[in-house]
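Could you have a look at this structure, given as structure tokens, before my questions?
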Amino acid sequence: MNQLIFISLSTLTIVSALFMVFSRKPMYSVLSLIFCFFTVAGHYILLNAQFLAITHVIVYAGAIMVLFLFVVMLLNLNTVADQIKTMGFRVAAMIGAGMLFLVLLASLKSTTLGTFSFPEDNGMGMVEHVGMRLFTDYLLPFEISSILFLSAMIGAVLLAKKEKR
Amino acid sequence: MTFLGLMIPLLPLLGFLVNGLLGKYLPKGSAGWIGSLSVLASFVCVLLIFKDLQAEQAISIDVFNWIALGDFSISFGLWIDALTMIMLMVVTGVGFLIHLYSIGYMHGDEGFTRFFTYLNLFIFFMLLLVMGSNYLMMFIGWEGVGLCSYLLIGFWYKNEPFNDAAQKAFVMNRIGDLGFLLGMFFILFHFGTLDIQTVEQLAPGLASNGGLIMIITLLLFIGATGKSAQLPLYTWLPDAMAGPTPVSALIHAATMVTAGIYMIVRSNVLFALAPDTLTIILWVGVITSLFAAIIGLKQNDIKKVLAYSTVSQLGLMFVALGLGAFSSGIFHLVTHAFFKALLFLGAGSVIHALHGEQDIRKMGGLKKLIPITYITFILASLAISGFPLLSGFFSKDEILAHAFEQNKIVWIVVAVSSFLTAIYMFRLVFLTFFNNFRGSDETRSHIHESPWTMTFPLVVLCILAVLGGLIGLPAIFHVSHWLNTYLASVTEPSAALIHHGDGISHGLEIGLMCFAGLAAIVAIYLMYRKYVMQKAIPESEESQQGFIKAIANKFYVDEFFENAIVNPVFKLSEWFGTFFDKKIIDQIVNRTATTITSGGQALRLSQGGNTGTYVLAMVIGIVVLFIIRLLI
Amino acid sequence: MMTILLLFLPLLAALVVLLGGSKHASSIALGLAVAELAVTAYAINVFQTEGPEAFYVFHTWIDSPKVSFHLGLDGLSLVMVILTNLLVPLIILSGFNRTIPNAKGYFSLILLMQFALVGVFMAMDGLLYYIFWEVALIPIYFIALRWGGHNRVAITLKFFIYTLAGSLLMLFGFIMLYWYNPEQSFDIRELYTMVISQENQSWLFWMFFLAFAIKIPIVPFHTWQADTYRESPTQGTMLLSGIMLKMGIYSLIRWLLPVLPLGVAKWGQLAMILCVIGIVYASIIALKQKNLKNLLAYSSVAHVGLIAAGIFALNIQGLQGSVVQMFAHGVNVVGLFFCADIIFNRTNTNEISELGGIRNLAPLFSTMFTIVVLGSIALPLTNGFIGEFLLLYGVYEYNVWLSVFAGLTIILGAAYMLRMFKKVMLGQPSSYVPEFPDLYWNEKIVLGVFVLIIFGMGIYPQPIFNLVEPVLQDILSHSIL
Amino acid sequence: MEHTTQLVPLNWYLLLSTFLFCLGVMGVLIRRNAIIILMCIELMLNSVNMLLVAFSSYSGNSDGQVFVFFIMVVAAAEVAVGLALLVSIYRNLGSTDIDLLNKLKW
Amino acid sequence: MNTLIYTAGLGMVCLAMEILDLRKLLVPVILLGLAVIFGVNLMSWADSGPVIFAGLDMSSMLLVDHFSVAFNGVLIVAAAFLFAMSHDFYKDEQHHLSDYLTIIVFILCGAMVLTSYSNLVMMFLGIEIVSISLYILAGSRRHDLRSNEAGMKYFLMGSFASAVLLFGITLLYGASGSFKLTEIASYAATYGMDSPMFLVGSLLVVCAFLFKVAAVPFHFWSPDVYEGSPSLVTTLMATLVKVSFFAAFYRLMSSGFAGIDPHTSTILVIVAAATMIVGNLVALKQINFKRLLAYSGIAHAGYMLLAILSLKTNSASALLFYGATYILATIGAFAVALPVFSSTGKETIDAFDGLGRKKPFIAGMLTLSMLSLAGIPPLAGFLGKYYIFSEAIHNGYVAITLLAVITSIIGVYYYFKVILAMYTKAGEDTEIQFPMLYSIVGIICVALSILLGLWPGGLMGLL
């Protein structure tokens, strides 16, 4: 059952990702990526990371991708199809990425994952547990990430704000 | 004695310093007197020492320790023994006369002071050469006289060929000097000292190492050939006539060029231990003597004739040395110093009278115009030609006798060359002094006898040239050979080592003497007939042909050296300088740099500005690193 | 204290000159350089009475890695320091009567150079020595760059990078030595006594040798030299040829022979052959040089080739000869370049073919020039002879045939020097020499001192032998196993 | 999830993530539109997230999940900054094609 | 820990001052604040230890040890220089001043995290704080297309590298089950060599770091970004950021991977070699000063990789010393370059033409900085190189050190191009405005360079 769900979800993920990568229209890419993110959320649920799945949908599909959509539409990018790279470069890119995949696989193929066991649903993925971790052990990174946000915020405003001249 | 010994070289040095440093503050013309008197004073010191010093005695003066390091030390030392005494007397005596002569000869020259400065310096170095107690001291003098020779040949430095001649003299001497230097290294290495006396004492002990002694002596002999103008290093001497005539008389006839002979006699034990070297010396002397005499036959420059004559006579001295007759060599050295100095001074007087004319074809008939010069010159010519009972007759005869005794072929060649000596000398005499003057009338009207400062030395030297033979009268006169006796303490150690001939009978000796005298007279007569009676004058260069032309052109030896050595070296220099150094070595350096920069340029172009390419490079980089990681 | 003063006085002087303004820069510089010379004279005095121990300075400088501020002044160093401190005032004095833009910078750099040179000669710790060695390069580079001739930019950069390349290899060598040293320090005493395998020594040898060979320079690493000498301002050339290249030779004696005896044993012969080839090669090239400074540069290559050959002969005569000849060559070559400068100053050319006839116009100058030339062609009783005699003898002891070959220098040296002298000074005055004022007062002093040294050393060299004898014996004992 | 269900081997997640990651890499390489490239990077991040969650769940260690939060934080910040840059460029260039950004080279 | 908090607080103060319209006081306040922070940092030297945050032991996140305190000190000083220069640099952009400065303060925070992290989460956050802030700053000249391009390129490639980093971290986590450096280290010590996942993960993380420090072949961003960014940002990237990344890299290698395994060392040797060669060679042909320094930075990265390779007690000191000297020399150079650029309007090397005549003192500062970068004694750059080389040789990396020596000879050439421009070219007659603060920064940097060259003990003895 799980395997079946996994396989179907994975197929959807991969197909939508492929569509995202190869679509010439930015709008289609955005939409397929949103779809892809939903399938990833499905994987999270499959892995008993329910809270994360929700957050994922909210943050990625709800915020990030909307931002993308917004920009695509703002800049009116969807009217013309994207330019594509030269054939030679694309072949090189395919070979490069393919090689990366092969090399990673070759390196990882002998991995034994003996220390891993079946994931019990012990509430690990629920909001209480994750929240506890975040505000105890991970309190410092949590606070530090606020600096990151602050910085990004200032930056986004700095870069995108129209100057009053 | 020590003080006097020290004063001998120091007085000329003082003269040099006074003239050199204060010359321009002194009254004009005083330089000549300062120079001459300093040498005279030195001569007086020599005489004082000579008076007291017994023949077998020697004075050793250690001035200070010059170089002392490791296991050897070389002192700045002087050594005076019989041989030195002879040389000292020649150097200071003849030197003084020539200084005196120069006062008149150089009168009015703008470099008057400079001339005497150099001349005094020369005397100083020459004295160091003969007085040095070790080879290095000798070498100081050896190079020092070379320097003075250089300075004096190029005395009239505005004249380019004179400068070339000076440079040639110095460089050719340096070739010999390298031999000398290497010889010294061998001595120093194997004997552990450069002290001549010590070396002479130790030499027999090392005689078993025959090759070693031979190498040393050969190297020393190379030095001697350079300084004493023997084949093949003689070509500088004729060119050296560019210097003022007193210089030719002093340096290039009487003193410096005999340094080689002095050096060999000084190291006679070493040479006696190397019979092969002696043979080489013998043949070099023989060939040089004949070769130079032949060239002398066809020279038209009054000084060039004398120069080749000098080379030839020096060859004769080497013959004596090669025969192991060291004192005979010295004997001829002394007499030669007298008559050749006289000849040069006479020639100088002629040139002085003719305002610089040196070509004998433009002279003639001078005997009445400059009588003192004429008389002294002709006596000197007779002496060098071996006219009986004059000094040259005895000294030359002694060598001929030794030659006859040991090697008939040598005797024949040497006899021929002395015959030729008479020929070219009297060709010179007759062309210069007899018949009518061939120059312009304008010149003719100015000809006058030289002042006393010039004629006095001529007369004194003439007396010496005539009577000089008395110091070495042969046994047939039933008097002791004074020079041989006097030098015995020096030459004796070697005498035992040399296989002399059986000696020749008195009768044979008289026969030889008569033969030699007769030959000289015949030669003189032949020349008289040709140049006085037939009034022949030498042909111009263009009309000469064949062998005669070769002789007149000095057998093209200079050209040979020019083309075989000098030009190739210059070519090599240009090739090294403009091609090898710049195009090969430097290019390797520069190319390394340009290769690196062009590598930089190529790598720079990989940075094309395209983000995709950059990322691709990163991906490939990761892949490659993974592959490396997987493979190793 | 003495040592510190000796070292830092020039640095102080450089600062004073820099702050003192251009107007009096040369006088201030001269005064301070003379003061340094006076200190040196006093140091000689102290050395005579108390020996090298009086100059021992040791402070720990860096703990890890262990680098100490270790200065010492033994006979060898003292000779080199004397040479430096004697030449620098004269070099400064030679700059009088010349218009030098931004004089304060110029003289200050010269004094800075002096500081570094003194440091090189006194440093007894490898890294300290190396630092001084590199520091010496900076001022001379800027002197040549700022005040040099037309093509100076490319040529001085080549010089800088070429010599620096050698130096960095040496640094690498020093680091290797440091880790080979069980005590892990750069101290010269430990480097002398430590044991390194033959294999390591033989490649370390090249690290050091290359650095020194480029600096000296030994053929075929000499190609930077003639150009640099020609393009540098005279004082720069004097510093370069008179003192700086002695750094290389000094270092051969001080650092290469005793530290890497096995390396020298293995490769010394090759180095020797290079040196000897260099002598003849450079002499032959010098024969036909058209530019006076170029000719002098090549003659310098020939001379230092002989000096280096004497060192690799590994005997006391060769070493003594090299020390004496270093001193002599320092004086002679500086004198020669100064003469070239005097000629250039008056005629604006150094092309030999354009010169001639100066002898007649400037008799005093000619006499001085002649004497310096004679010193340089090693006439007996001049300083050049003692060194050359001992060096050739040293080489002779090493190998007879090499000495014959090396001995050609006395023939060729005479040939090119006299040819140069003839063309430049003798003959009829050329059109480039319309008038030629004789020596100015400062030139008289400089050349006069040189002439005195030339004869003084030529006649009585023994003090130098005595100074360096113990040091050289010690070095020899370490370098011959 | 019931025990009876067949387990999904962890390797599958590893494989899927690696594939998605490389797909993202390929997207970054072959696309010229900066927006799409940014999205491809997001895809790469997501593949990482997924793997993290998988490791976390399979090992019963919630660190991985917490980490995913931080990745999301960073991704959001990145996107904000990236899109701001993009807008800025679009104003100057009138395009979001990164191949036109080649003034800086060599 | 306190250092970090104070720094973050300083950032807040900056923002607050913007609101209170106190821009004129901004730079003095920041400098004052940095002085305080420097003091705080010094105090934490003595009692460095576990980090307590809100009563929780955070030592698994941050570890304040001597290494981090020393590096923090260097970084604070570097930041102080940058802020001092920013006063004049941003003269025409007063309305954004607080934004820029706040971001730089936050970068300093990120850098401090990077020097003291003990958890991969913190490492990741540190990297991202620094990187994202830099993307902003690089692209902050909004109307300058070159700045835009720099920002965009940096952003795209940086994000890509972050993704690679994350993938690596994930695999490390998968293998070891933790993000804590201590646990990863113990895992590495036990199973490290046998776990493919761990090896792949570590290699990917290393690759990401190689990107951040601009090592070949991950260096391509750096010249373009350096050239396009505003010059002060270039300075920031070349100095503070680069050194903080190296500190992080070193920390990861030494405490995370428990030393270096032969595979990784081989890879690092290859990368270091390529970095030295490419950096030095390409720099030869540059005419843009910033681009030149970018390649010089790449070359220096190659040398600093030697310190990473060596990984012994002394090599941390060597890295610290090298980083400090590199920062001093680079800031010294930029302190001269920034006003020259703004006066002449050029950023090429010929902007310096004739500076030796016009402003000899300023030219002298630049000369000394260049000499220090070239590693000429007695400047500190020499000792920096020396320590690095010495450590590398001691650890057996002889061949690569020899290569480093040879390439540093090449390096001299391009540093001297700048010097030659100043002293041998005539140059235009444009008046060079040279504000006071630049000179002060320059003088201090050069003085410190000389001082460290003569008394390296102060910094070398720390670690």
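Read from first to last, the chains carry the letters A, B, C, D and E; within each, the first residue is number 1.
One rule holds in what follows: a residue touches a chain if its C-beta (ideal position, glycine included) is under 8 Å from a C-beta of that chain, and two chains touch if they have at least 3 such contacts.
All values reported here derive from a predicted model rather than from experimental measurement.
> For subunit B, which other chain has the most distant CA centre?
Most remote chain from subunit B, centroid-wise, comes out as A.
> Of all the chains, which has the CA centre nearest the overall CA centre?
Chain nearest the centroid of all protein C-alpha atoms: C.
> Please state which pair of chains has more C-beta contact pairs than any other pair.
Highest contact count belongs to chains A-D.
> What is the distance in Å between the mean C-alpha positions of subunit D and subunit E?
27
> Just curious, how far off is subunit E from subunit A if you go by their C-alpha centres, in Å?
31
> On a C-alpha centroid basis, what's the spacing between subunit B and subunit D, in Å?
For subunit B versus subunit D, the centre distance works out to 98 Å.
> Could you state the distance in Å from the CA-based centre of subunit B to that of subunit E?
From the centre of subunit B to the centre of subunit E is 78 Å.
> Listing for subunit C: what residues touch at least two other chains?
161 - these are the residues of subunit C that touch more than one other chain.
> Indicate the residues of subunit D shared as contacts by at least two other chains.
Counting only residues that touch two or more other chains, subunit D contributes 14, 21, 24-25, 28-30, 32, 38, 55, 59, 63, 66, 70, 74, 77-78, 81, 84-86, 88, 98-99, 101-105.
> Show the residues in subunit E shared as contacts by 2 or more other chains, in ascending order.
121, 125, 128, 132, 135-136, 139, 142, 151-153, 156, 160, 171, 174, 177, 199-200, 223-224, 413
> Write out all the pairs of touching chains, ordered by chain label.
A-B, A-D, A-E, B-C, B-D, B-E, C-E, D-E
> Could you pull out which subunit E residues touch subunit C in their complex?
Residue list for subunit E touching subunit C: 314, 317, 356, 360, 371, 376-378, 382-383, 386-387, 389-390, 393-394, 398, 401-402, 405-406, 408-409, 412-413, 416, 420, 423-424, 456-457, 460-461.
> Taking the complex as given, what residues does subunit D use to touch subunit B?
Touching subunit B from subunit D are residues 25, 28-30, 32, 98-99, 101-106.
> Please output the residues of subunit C touching subunit B within their complex, sorted ascending.
158, 161-162, 219-220, 222-224, 281, 284-289, 315-317, 320, 357, 359-360, 374, 379-381, 385-386, 389-390, 392-393, 396-397, 403-404, 407-408, 410-411, 414-415, 418-419, 422, 425-428, 460-462, 465, 469
> Mind listing the subunit E positions that touch subunit B in their complex?
152-153, 156-157, 160-161, 164, 199-200, 203-204, 207, 211, 216-218, 220-221, 223-224, 263, 266-267, 270-271, 278, 280-286, 410, 413
> For subunit C, which residues count as touching subunit E in their complex?
Residues in contact with subunit E: 61-65, 105, 127, 130-131, 134-135, 137-138, 142, 145-146, 152-153, 157, 160-161, 164-165, 168-169, 171-172, 175-176, 178-179.
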